[in-house]
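Labels run A, B, C and D following the written order; every chain starts at residue 1.
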Amino acid sequence: MSVLEVRDLSIRFGGLQALQDVSLEVNEFEVVGLIGPNGAGKTTAFNCITGFYKPDSGSVRYRGQDVTSAPPHVKARMGFGRTFQNVGMVKSATALENLKTAQHAKASYDVASGLLGVGRMWQGEREMTAKAEAILDLLGLAHIRDKRVGGQSYGTLKLLELGCALATDPDILLLDEPTSGMGPDESDELGERLLVLRREFGLTMLVIEHHVPLVLRVCDHVYVLNFGRLLAQGTPPEVQSHPEVIAAYLGGEAPDALAATEEPAQDAAAQAAPHQPEADAVPEAASLPKRRRARTAAGQRDEKGQSA
Amino acid sequence: MSLLEIQELRTGYGALPVLQGISFAVEEGTTAVVFGLNGAGKTTTVNCLAGLLPVWGGEIRFDGQVLSGKSPKAIVEAGLALAPEGRRVWPGLSVLKNLELGAWSRKDRGGVGATLEQVFGYFPRLDERKDQLAGTLSGGEQQMLAIGRAIMSRPRLLMIDEASLGLSPKLAQTVFEVVSQINDDGTTVIIVEQNVGVLPYADQALIMEKGTLTYDGSGAELERTGELRRTYLGEAAAS
Amino acid sequence: MTALDSPPVPAPVAADRSGLGHQALRWTPRLLVLMALAYVVLVRMPNDQTFAPFAQDAAIYGIVGLSLNILLGYTGQLSLGHNGFYGIGAFAAAYSLTVKGVPFGLTFVIAGLAGAVFALIMGVVALRITGLYLALITLVFGLTLEDSLFQVAWLTNEGAGQQANRPEWLFDETRYFYFCLAFLAVALYLDWVLLRSKTGRALLALKENERVAEAFGINVTAFKLLAFVLSGALCGIAGGLFAFRVGLVVGSGFGFALALTFVLMTVVGGLGSRLGVVMGATLFATLDYVLHSTWVHHINGFVFRTDNLDQFAVGFIGALGLILTLVQYPGGIGQQVRPITRWLSGHPFSIHDDKDAGPAAVEGSSVRA
Amino acid sequence: MSSEVLALDLVVPAVNGAIQGSVYGLLGLGIVLLYKSSRIFNFAQAEFGGVAAFVWVFFDTGKWFLPDLPTPLAVVMGVLAGVLVALLTERLVVRPLFNAPKITVVVATAGVLLLLIALEGFTYGGTAGTFPPVFSGDAYSGTAIRITNQGVAIMITLAVLSIAAALFFSRTRTGTAILAVSQEPTATRLVGISVERISSLTWALAGFLAGVAGILLAGTVGLAAPGSITGLALVPAFTAAVFGGVTSLPGALVGGIVIGIIEAEAQTNIPKEHLPGAGKVALFVALLVVLLIRPAGLLGKET
C-alpha cells in the first residue's frame, strides 16, 4: 500500500512555475530519492507535501486520506517527520531539549496541567527524557546530551536533526539533503545509518539528495525533477543512464561532452583524476574507487557496531 | 606568475566550515570554469575571493598582491569583479543606473562612457532597455546586467557565479558566447557553472566536491574523461 | 535560576574531599550569604517604612518583567504596550472593588482576566502583523489606551481617579510587601514550570524557527496566542497589585515612559533569565529611592543647573544600561550574576560561563521577531 | 447647527492638520530613509528633532552657558545638533548592532530616545516651558481661519525639502548609492561602495530632516518639555511612514499630511465626552487598518 501519493502537484510563485504536475508515490518501507539540479523544485515539493505551501492544484494523499490542505503541525502529528536543508532545530537549546521539543505532539499531558505543574506532567517529562536519551544512544550522540546544539559541528547537527525527526515518531520521514555540509566520509556513514533506521523502525522515507553515491546505495526508487517537472523515474541505475537526466545535469546541448564520456577511452581514464575507477564494471561497490571502497567498509563496521 | 594564486584557502559561514583548504591558480587571459554540485563550495569560493566572506586560512594572491582579508572595496579596486549568484541587480534602479553604479570604484571618470558602450556592444538588449527598471527585466536580461555591471569596473579578472542558472539552454549559450568574447578582449574570466555547455569555452576546468577541489586540469582534457559524469551522476554513469 | 535545566555538572569534589567536614566547609559560606540576602530582602528592607513601597514596586515590576519575558524572552515578540495591560489590570481591580463591590481576592482574578482579554486581542493582531510593525502597533496601542480608555468618565470616576482601598489587614506597608512577594513567588513558580513543560519548549522553538516548530507538530498560532494571554494575565494581575499599592488609579500614569521602563528592565535584567529579570525590575523600581537617598543627590544643582537630576536620572541610567546591555553585555544582569548564582548552587566559583549550558545562556541579541 | 459652521468645523482642522501633518511628513521621511537603508524603525527619530529644538532655544536665548546667537544662526546650530545626535547614534549604537536582529536595534533606538529625553531634562529642566515660533505673525487672518507665517514656512520647507530629496535620489551618485544599499546590500558592497559610509550619511540626513521638523514643530506647538516632540509627533510620523509602506518617500510626505488632517478632524469633531483622546484613537485605527489591509502601504509599493 502506498504511504504517500502525490498527484499532479502544481504551484506558482509570481511568474515562476515552481512545480508542474508532479506526481510521485512512496510505498511502505521504501526509500525514495528525489533528485534534480539546483532550483528544480525539490524543496518546494517537500514544502507542499508537508503543508508549508498550499499547492495551486493537485493532491497529497497519506495512506489513502486526502491531506492536501492540512497545516504542517497537523501533518507532523499524523506521522510526517521532516528535516530541513539548513538544519531545523532550536539552536539555543541543548540536544536533549531539542529531542524533547520534537516529542511535543506525543507528550502524555495536556497544556493546562503543563502550565500548573500538576497531574501527569512530571511523569510525562520523565518519559520524554527517557525516549530522548534512547535516541541519543542510538545515534551515538550521548556525549552532547546537555550541550547547546548551536555550537556543534554541522555533521553532528544533521545527525541530531535526524534524531529529532525520529523523536516525532514518524511514519514517513522526509529528509531534505541529509548530507549537505558533510564531508564524503560522514555522508557515507549517514547512508548506512539510514538503512539501519529503516530496518529497525520500519520507516518509509523520501530523500532529497545531491550526493550521488548515497542515492545509489540507499534508494529503491528515484524521481528526477527539472524546471519543476518530473523528468524521469525508476531504479537508481535506470535513472543514472536516462538520457534526459544526463542532459539535465550536464547541459542540454553538450553532445560533445556526452559522446566523449560514452567512449571507453583508455588514455583518458589514465590521465584523469587519481581516483578513476578500475576496469571491473559489475556491482556498484566494486565500481567504487579504492579510496571509497575502504570508507564503505568502515561504514559497514560502524553499522554493525550500532546495531549490536 | 599566474594572475590569481590561491593557496590552502579555508572559509565558511559563521561556525560552519565550507572550504577545507583549496589551492589553484588562474593564468592571465584564460577562462577557468568551476564545476560542482549544489553545496560543493563553488559560490563560497568566489564570494570569498570577492571579499564577502572572511578568509579563515590560506592566501589569495592577485597579480602578486595579497588580497586575503581585504574589503570588497579594496578587491574591486584591485581589479577583481564578481557577478554574484542570483544576479542581485538593484531592482528599483534603471538599467543605466545599475551599470553606472558598477563603475563606482573607478578613478577615471572619463573612461566610464567608453566601457558603457563596450557593455552595450556585448549586450545590445541592455542598450534597448537602459531606462527600464532592472526589476522588470527577464531573468536572462538580469544576468546580462549583472555581468555588465561587473565589467563596468574594468576588472582584470571577472568572476561570474551561476551564469546559466534558470536560463534556457539557448540563452545560456548566448551568455557563454559573450563571456568568451569578453575573454578574447583581454579579461581573465572565472565562471562557476553546472552546465557543461560552457566547457568548449574553458581553458581550465576545476571540479569541486564537498568543499575540496577534486579536479584541476585543462578544459579539453575534461571533455574527454568521464570525470564530470562521475561528479554529477555517480560512478556507474561515468563508466 | 534561569532556564530549562541547570547543567548537571558533576560535583567537582574529589573522593578524598567528600567527607562531612569538607561538605560543611563547602556549604557554610554559601548558606551564610543566602541568609544575609534573605535578611535584607525579607526583614530589613520591608520594615523600613519609607522603603517598603519601593520594595512593593520591585515585586510588582518583577511580575511585569516575567510577563514581558514570556513574550520577548521566550517567544521573541516585542511588546511596547505592556503599560496598557498593566493599566487595564489596575483599573479592572479598582473598578470591580469600588464600584461593583467585588471581594478583594477576586479583583485579582478580574484584573488578570482583563489583561488576558486585551492581550488576546493584541495577539490576534500579532498573528497578522509581525516584527517591527508589531513593536509599533503595540506602542500605539498602549498610548491610545492611556489617552482614551483610561480617561473615560465611568471608569475613572469622572477623571478623579478610581479608588482601590486595601482591606484592613493589609494596611501595613510591610505586610502588603509580603503580599506582593507571594504573588511574585507564585509567578516565579509558574514560570519555572512553564519552561520545564512542553509549552515552554514550544514557545522557545517557535521563537527561533516557526517552521521547525511546525515540523515538530507544534501549533504555532495557538501557542503564540497562549503566550500573549499568559503575558497579559500576569501583567494584569501586576496592575491589580499596583492599584492597591497606590490606592487611587488615575489614567495618566500608564504612558510611554512606563512602557519603555518595562522593556528596559526586562532587557537589562537579561531576557530568558528569570533571576535577571527580577533583579532588573528591582533595580528600576528602587532606582528613584536610591538616587534620592545618597550622595548622588548632592551633585544636583552643582553640575547641573536645574534641580531635575533625579527626575531624569532613572531614564538616563536605564537608557545607558539598555544600550550597554544590547551592545556589550547581551546577557544582561542575569548573565553577569551567573558566577555568583552558580557558586550559590554548589559549584566552584568561576567567572567563565558554561557556553554549552543550554538556553540558560540565551543571548540578549536573540531578541527578535 | 448651520451648514456654514459645519463646514468650518471641517475646514479649520483640515488646514491646521495639513500644516502639522507636513511636519509629520518630514519626520516620516527620515523614518522611511532609515528603514530603506537599514530595515529598522528608529524610535528616536522625533527626539532628534527634540534635541535640535532645545539646542536652538538654548542658542537663541543664550541659555546653558551658550552664546546668544541671532535666530537664523541658532536654528542652524539646532539642526546641526540633530545631525550630530543622529551620527552618534549610528556610530555608537546602530553600527555595533549591525549583525544583531532588527528588533534588538529597534529596542536600542528606544533606549536612545530615553537617553535624549533625560539629557534634555538635565539641561532644560522638567517644568514645561514654551518655544517661540521661528517666524512670527500671520500670513492670513480671516474670521475663522488663521494661517501663521510659521505655517506657511512649514509648507514651503516641506515643498523645498521634498524637491531637494527627489533630486538628490534621482540625480546624484551618492543618492543612488543610498537607494542601492537599501535594495541590494550585497551587490552594493561588490561594486566597492562602503556600506558603513552610506549608513552614516543616511543617518546624518535623517538627523537633518528631524532637526528641521523638530524646530518647526516646536515653534508651532509652543510646548517645551523633555520628550514633548516625541509625545506629539512620533506616532503620527510612523503612521505617515506606514501609509507609504515605509519605503516610499513621497508616500511618507503625503501620508503625513493625510494623518495630520485625520488627527485634527477627529480631535475637533469627536467630543471628549464620547471618546477621550479621539486623535490618538483615530491614529491607532488608521495604523491598524493600513497594516492589516495593505501592509505594503496605501501609496507606495515595496521595491
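Basically, a residue touches a chain if its C-beta (ideal position, glycine included) is under 8 Å from a C-beta of that chain, and two chains touch if they have at least 3 such contacts.
As the structure is a prediction and not an experimental result, all values here were calculated from the model.
Graph distance from chain A to chain D, where chains that touch are one step apart, equals 2.
Ranked by distance of CA centroids from chain D, the top chain is A.
Note: centroid distance chain A to chain B, computed from Cα atoms, is 31 Å. Taking the mean of the C-alpha atoms as each chain's centre, chain B and chain C sit 53 Å apart. The centroid of the Cα atoms in chain A and the matching centroid in chain C are 44 Å apart. Shared contact sites, meaning residues of chain A that touch two or more other chains, fall at 151. Under the stated contact rule, the graph of chain-to-chain touches is a ring, a single cycle where every chain has exactly two partners. The complete set of chain-chain contacts reads A-B, A-C, B-D, C-D.
Those residues of chain C whose C-beta lies close enough to touch chain D in the complex are 76, 78, 80, 125, 128-129, 131-133, 135-137, 139-141, 143-144, 146-148, 151-153, 256-257, 260, 263-264, 267, 304-309, 311-313, 315-316, 318-320, 322-323, 326-327, 364-369. For chain D in complex with chain C, the residues that touch the partner chain are 40-41, 43, 64, 92-93, 96-97, 100-104, 106-108, 110-115, 117-119, 121-126, 226-227, 230-231, 235, 238-239, 242, 272-273, 275-281, 283-284, 287-288, 291-292, 295. Residues 173, 176-177, 179-180, 183-184, 186-194, 303 of chain D touch chain B in their complex. Within the complex, the chain B residues that touch chain D are 50-52, 71-73, 76-77, 81-82, 84, 88-93, 97, 100-105, 135, 146, 149-150, 152-153.
By the touch criterion stated above, chain A contacts chain C in their complex at residues 50-52, 71-73, 76-77, 81-82, 84, 88-94, 96-97, 100-107, 109, 111, 114-117, 121, 124-125, 128, 146-148, 151, 164-165, 168.
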